[in-house]
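Each chain carries a letter (A, B, C and D) given by its place in the written order, and its residues are counted from 1.
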Amino acid sequence: MRITTLTSIAVLLLLGATSALAAGEDDYKAAYAAAEAANKQAASLRNQWTTTASMLAAAKKFADGGDFDKATASAKEAEALAKASIFQATSEKERWRDLEIR
Amino acid sequence: MASTIRVRATSSGETTEVQALIQHPMDSGFIKDSKGELIPPHFIQQLTFEYNGKPVFTADWGGGVSKDPYVKFAFKGGKKGDELKVSWVDNKGATDTTTAKIQ
Amino acid sequence: MTNTDNGFSATRRLILQGAGAVALVGLGNLPFGLAPAFAAANDKYPEEAFKQKSEADAIKSLYGKTAEVSDKVKMDAPEIAENGAVVPVSVTTTLADVTSISFLVAENPVALVASYKIPAGTMPSVANRIKMAKTSNVIVVVEAGGKLYSATKEVKVTVGGCGG
Amino acid sequence: MKLRSTIQFAAAAFALALLAFAAPPAVSADKVDPVADEKAFKKFFYDKFPKLKPEDFVNGPYSMDADLYKQWQDKEQFPPYEFSLELGKEMFSKPFKNGKTYGDCFPNNGIGIRQDYPTFDEKEGKVITLELALNRCREANGEPAFSYVRDEMAALTAYMAFTSRGKPFNIKVPNDPRALAAYENGKEYFYTRRGQLNFSCATCHVQSPGEKVRTEVLAPALGIVNAMPIYRSEWNGMGTTSRRFTTCNSQIRGVPLTPQDDEYRNVEYYLSYVSNGLPISGPGARP
């Protein structure tokens, strides 16, 4: 079923997200800035996800604790979440009518 | 300030049905607030209903009774227009009392 | 079926307008620890029973004996509580000489929820709303003629979600 | 926790992508027709729940589940919104510092008019909800606005709803392009999927009312605003329409808009309009 496909893709994505080796503060800062920018765009589309904000907060916390590996990974996750929310908002501009009772 | 006690006492002739709703947080002491700190226990411990100077119903409550507690019971007798006295005391020593006319 | 039916809203209206019928006699916070003036001496609050974790210990502390299951104790409680914070539970019994009725929730941190004293002339029937931490047996104990009788029902509790 | 959320986001993103490619192109936008919408909306719910009478819908999940219905009836014997209702009455009748009252801001002194809100203000070109009108009334009389999601606003609207109980919703969409646009925008908001869970309001309240999400029975969208404000046991207190909208958004992991944002006003306008004719039942009690 689709679930299996989804899960394996998710696992692949997960591996991709966390296999970045020994990220430094600069990597983190770049990843964080990218995530913030994407989340800002989501805000302009009035479709931010709460999980993006939590992931950004997690990234910051890891960075404050000096763990830039985890901080960078979290920031990248936040960016992916923000991008998914942008994608959602954009595609829904037309697609909402599919659900309409008429 | 309005009373914390709302009472509805209705006589059917033979019996009087009593319903009461009380405004009280009924904090059990087991729930955490948004900061993750335990909310200290604060609940009504005893609630009494008196008719003609005699208790017709006494409730002993713990923190497991719902917020803004509700109770319903009935007793034999009780005439329309007579008064029912209702009082409570909580674990911090606060109290409230009211009288309600039987309808 | 709607809550706008006449009987009900008439009652509601009465309550609002009849606020004056409920006269406020006394109000105020007594200093901490002061015994309430109205509590009769024989109506001691069962402090210890409300500290017991298990229902068995609570019943023992409250009554000093154990209860036997009786089909004369009729409990009305939902199969699934709409919310654990407010679970309407009521009990009525055909047993004679009832002197007290108690409600317990086995899985709550404190099992005893409420204990009602039923003087002669008061009906052996009580309805109240209780909190349930999770799915649990609800136990009602009726003291009648010096003996204890009980009924038990499981109520399922779930929380949160996209309801309402 | 982290693993789980990663999978969720990846799965959500992927599912979105899949859907985008799989779905046929959306039905093209056509003329805004509130009358036809209302008819279709009601027919959908009446067909889905043939046993219910139209006025049953205003009681939300309680009309759809016998066990819940009984618990509700038990609670209604002395409903938990009682204190809020009394507070609302007291607040409503108490004059502001300048001597004026809430009644002065509304037709018929504010009594029995809840069913006419939201209304479309043709001067301003925007939807005015009851909550918004109440705060504007306060501000016009030199009083600070209330929070839209807190108890004072709930109490005021509870009292106003109570004076309108049983009166059918009477929402008007004037033939003004701005009104029609606001209505259409509200409809779009209602059907638009958002949040990480990719839910629209309709996902829960059109497709699945009467069904259970973690054993909570979902309320039908038809009649859902008729019961506002509501005492929710889950909140352990009262909530306004604003509170309901914002919490719905966060439950699907979307960041809520500001209460009384234009879009929230529009979605309330839309939802109220399609429930026209159904009685006001607020204040309500909900799980």
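Going forward, contacts are C-beta pairs under 8 Å (C-beta built on N, C-alpha and C of every residue); 3 or more make two chains touch, one makes a residue touch a chain.
What you see is a predicted model; the values in this text were computed from it and never measured.
Per-pair counts of C-beta contacts peak for the chains B-C. In this assembly, the C-alpha centroid of subunit B lies 34 Å from the C-alpha centroid of subunit D. Inter-chain centre distance (subunit A to subunit B, centres taken as mean C-alpha positions): 52 Å. Subunit A and subunit C, compared by their mean Cα positions, are separated by 49 Å.
Residue positions of subunit D touching 2 or more other chains, listed in rising order: 80, 82, 86, 236.
With touch defined as above, residues shared between interfaces to two or more other chains in subunit B number as follows: 2, 6, 8, 67, 70, 72.
Pairs of chains in mutual contact: A-D, B-C, B-D, C-D.
Partner subunit A is touched in their complex by these residues of subunit D: 2-3, 5-20, 23, 25-27, 29, 36-37, 40-41, 44, 187-188, 191-196, 198, 200, 202-203, 206-207, 250, 253-255, 257, 263.
Chain contact summary for the complex, subunit D toward subunit B: residues 77-78, 80, 82-83, 86, 90, 236.
Taken in their complex, subunit A has these residues touching subunit D: 2, 6-7, 9-11, 13-14, 17, 43, 46-51, 53, 55, 58, 77, 80-81, 83-85, 87-89, 91-92, 94-102. By the touch criterion given at the top, residues 1-4, 8-9, 12, 15-16, 19, 78-83, 85-88, 90, 127, 129, 156, 158-164 of subunit C touch subunit D in their complex.
The touching residues of subunit C, when paired with subunit B in their complex, are 15, 19, 21-34, 36, 38-40, 43, 45-46, 50, 85-87, 90, 105, 108-110, 112-119, 121-123, 125-131, 133.
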